[in-house]
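Order of writing sets the chain letters: A, B, C, D and E. Residues in each chain are counted from 1.
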């Protein structure tokens, strides 16, 4: 459980601190989601069973999120010409 | 994007809100929040302009991160409840994480940075939806979360956002950024209201929606992105411009208008619950924010921009003005209602 | 006027020791120095009569019955007030007598005070 | 609703036209004519004197004590009323010439208002002394007069019924503290 | 029967109000005249009737919570007599103003103002509650303002009107104190409720004294009275005789039962009255403006009234003096108005003289009025002034105050004789070819009527009104003649004063007379020196503390600067880089969680 939280935190820090591309941001998000998925599994190992159903829901929504993130990646690389986070400063 | 698909997204957004407000478990709240975000993203990129896309990306990243943190918090508290080996502290931390995630989703003060950029990138109508309707899920979660443990933290966030909302708008010349800061400031009031009593927060939120929707619509019609563009409004579209100025005065909380009575209602309850220091900070923030509200009103009502001989009134946009002026007149009339309500026993 | 000035002079400079104090005026026994006990002053009008006639407070003195008679006369002969000159004169005379009475009281007090002081000084000389 | 809006905009617009005409009639001093900061160096001093059209030795600004007059000259305090009425002034009503530097308080020193340079036959100190002396003397004498009262050589007036105990609002249930009886003098 | 009486009296007032809107200017004067006659008839009925001398008419007006506001009128002997006197005098003044203001284009409005002035005063007199008193009181105040500034194009008239309204406002504070006190402690504004109090509040009584002093121009609040001479002469006439200035004395008379129970306040009012009467008499001695002499004589007489209300405790005498004073003072003003009008608006007595040949009837009336003012036996003034002097003499009062009253009485004679000598008697010093003419019905008629009443009013009043205090008939001869004696002395002094003043220099140049001529330096010091001190101080604070300090250094530059720095920090955080945002948010969240864990 704690290891899972650690993975999550590493992903979060990676999201915040050392990214240059939008793609890696999306990857970090995916990593967070996966760690959560793992965590749910661990919780259900401990004897509680309904988190397994939640895990399915989580999986579905993370897939949706990832797909919309990728769509946005396509959009932004079309409008900005790159996916560098530093170039997102039009406003 | 095809306009015929928009009902799908809007219905989904409404569904998400209903899901949240009817759920008692954090997973469904998370579900609702995710649903709302995912349904809103296509609306944000409606016109595919680069500004919009950028704003949508920012919005997406922040919301996804917040959702993940939300889920983590829920899971931590779940495991704390379940395992018991991890002590009670973990459960509190789970609640705290959920709260932080929701606060991030709402854009309350220390986590407010994304709001300004996103609103600046959007058009007025999606911006209005973002600043009003998209707050409902977060607030619905927050009212359920505002327990004793977290209330002091929420009060702190509320105070900081009132101050930041006031200070941030001081030097702004961009209309949308200014509205974003204004919404941050109002959100501070609202959150403190939620802590003081959920019905108070709800009524203040309703007031904010009623006040800001006409403003966003009028600004959409005047198509003024910069403060300077408002100067000509008085010449081209005087009624609209004056209504805009009055609406901003009302938003700033000047007495004869509707906005004042909302603040008054909240303040009477704060003082009744001895939240004196909080009230002082909130009022200070609002006072600072009044500066830029007055500036907008000044530009709308008082300053007469450069005139051209051939420039007449833009009558074509007057069809909608009936609705807008009706709403603003409703604002003014509403003061009797709110004034009466504040006199009711608490 | 001259009499008043001389009185004032006497009261504060000439005869300071035995000038009566009007605030605490009858300081001696009323019968002191008289052969026979003095008669009490007669009040003719009763309290109820005066109250019914609404005599002003200042005038409810020993002449009130004459005042009431005058007022009755005035009421009866209203436009022709010369008809009441007799009553009016009687009341005035009564008030005049009252004034003289007050002067007498003052003089009695003054003389008794003077006599008291004289006696005291004689005693002092004997010692 | 649209009709209301149209009427409203027409009304606002006509109001605005009138007001712009009003605003345009306001005239301000130019930047060079405005008083500047307090002159520190002799050059600034001379420049300020020149600005106000005065000689350097006549020019004396107000002391820089925070009153905020800047380099405005300290002119003698003279009201318009005490100026000579028979001089052929440019402005006979205000009794001043064109180009005269007005006093800082010249709006208060017009005729019919304050005249700081009015000459009085009796000096102020004497006036105050006379008034205070009159009032004070009479006050002191009234104090002494209260000590030494006007003495009329008559006894207080005697009233029947225990000095009108009931009539003066005494308690009818309680007897008066001492019974007052008045006596006649024997007829001689 | 008496209810009918009160209703009829009020009806006459109502008819006057109706005629106020009439287009024909003389119809209002006629209505005042007939109202006066009617009230006189009603007064005589009242005197003949055996019933109560007091009558209240009450209607409930407003009911607020537990407190009901009543419209209530009080018709006692004071009210009735004053109605008659006031209406009679005002009728004459209205007729006079048809003569005096005949060239004024707004004479109709003028007459209406005069009528409103009178109606306000009558409301004041007949009021039974403090609220109605307030209505009359303020009505009198505002009408005096409008009338004094009748010639509003003259700055002097404006100044005088402003003085009047300001000084009266100071007095009104006293009235408001009375209202507030009685509302808070008593919950009732009626006089009967106030009389029935068994305790007396010093605060309330100080309000009474302040109000009376402001309205009746007692010492300290007196400068508006001579300044009010800037108004037209009919206004001065009405203001000084039957309305306005006697309102204060009337207030004292109404509250005399309370005041006489409070020793300190009684003493205070007594001293105030004596000082006023002396001070005004001294000031009147050296005035050269004809109307100002008369005005100061009014102030002096008002002081005498106040003195006798409080000092001797004889409000009836004060009221008698009000009535008598109304007759001859109105006539004096009308006579001086006639002179001034005839001499082409020349008010300086040094430029008059010998008017007895130019305007014999006016001069005779002027002489009668002055004689009545002096208290020459068997004229109107004698019957009120003589008892006042006597009653002050036979009580054990403050000896210096008694002396002051006597001196002031002698001064009355002095300035009256001086005025007569300068204007009516002596040689003519006026400009040649003055078209002096008094052959106007509207001048002669009122003058004659008032002259007759000045002669006989005293007898009539003494004859018909029953005495309410100890008669002073039983006095030694020397005391009895005290008033006449001091008047004679004053008349002799007057010759000396005349000789002193009859020089070529201006009066202000004679140092020993400057005090008198400059009205005791009071207006100079109060209106020039003290405001100067205050204004200098205000300039310092306004310039240094407010303009340069608070509104510049402290707030816009200090607080505003701080806010600007803070706003810069907030806005600079908006770097528009999503990476920075997320980093900050993550760190902030970590910090908050860390704090939570540590706690």
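FYI, a residue touches a chain if its C-beta (ideal position, glycine included) is under 8 Å from a C-beta of that chain, and two chains touch if they have at least 3 such contacts.
Predicted, not measured: the structure shown is a model, and the values here were computed from it.
For chain D, the chain with the farthest CA centroid is A. Among the other chains, the CA centroid farthest from that of chain E is the one of A. Legend note: the chain whose CA centroid lies nearest the centroid of all displayed protein CA atoms is D.
Separating the CA-averaged centres of chain A and chain C is a span of 117 Å. Chain centres here are Cα means. That of chain B falls 94 Å from that of chain C.
A straight line joining the Cα centres of chain A and chain D is 79 Å long.
With centres taken as mean Cα positions, chain D sits 56 Å from chain C. Annotation for chain C: residues 4, 8, 22, 99 touch two or more other chains. Residue positions 12, 15, 88, 90-91 of chain A each touch two or more of the other chains.
Along chain E, residues 393, 396, 399, 470, 576, 578, 582, 585 each make contact with two or more other chains.
Contact residues on chain E toward chain D in their complex (touch as defined above): 155, 267, 271, 274-275, 278-279, 393-404, 470, 508-509, 511, 514-515, 518, 520-522, 524-525, 529, 532, 539-540, 543-544, 547-549. Within the complex formed with chain B, the residues of chain A that make contact are 1, 5, 8, 12, 15, 22, 25, 29, 32-33, 36, 39-40, 43, 46-48, 51, 54, 57-58, 61, 64-65, 68-69, 72, 75-76, 79-80, 88, 90-91. Within the complex formed with chain D, the residues of chain C that make contact are 4, 7-8, 11-12, 19-20, 22, 25-26, 30-31, 34, 36, 38-43, 47, 50-51, 57, 60-62, 98-99, 101-107, 109. Touching chain A in their complex are the following residues of chain E: 575-579, 582-583, 585-587.
Those residues of chain D lying in contact with chain E across their complex are 65-68, 112, 114, 116, 120-122, 124, 127-128, 130-131, 134-135, 138, 141-142, 144-146, 148-152, 154, 157.
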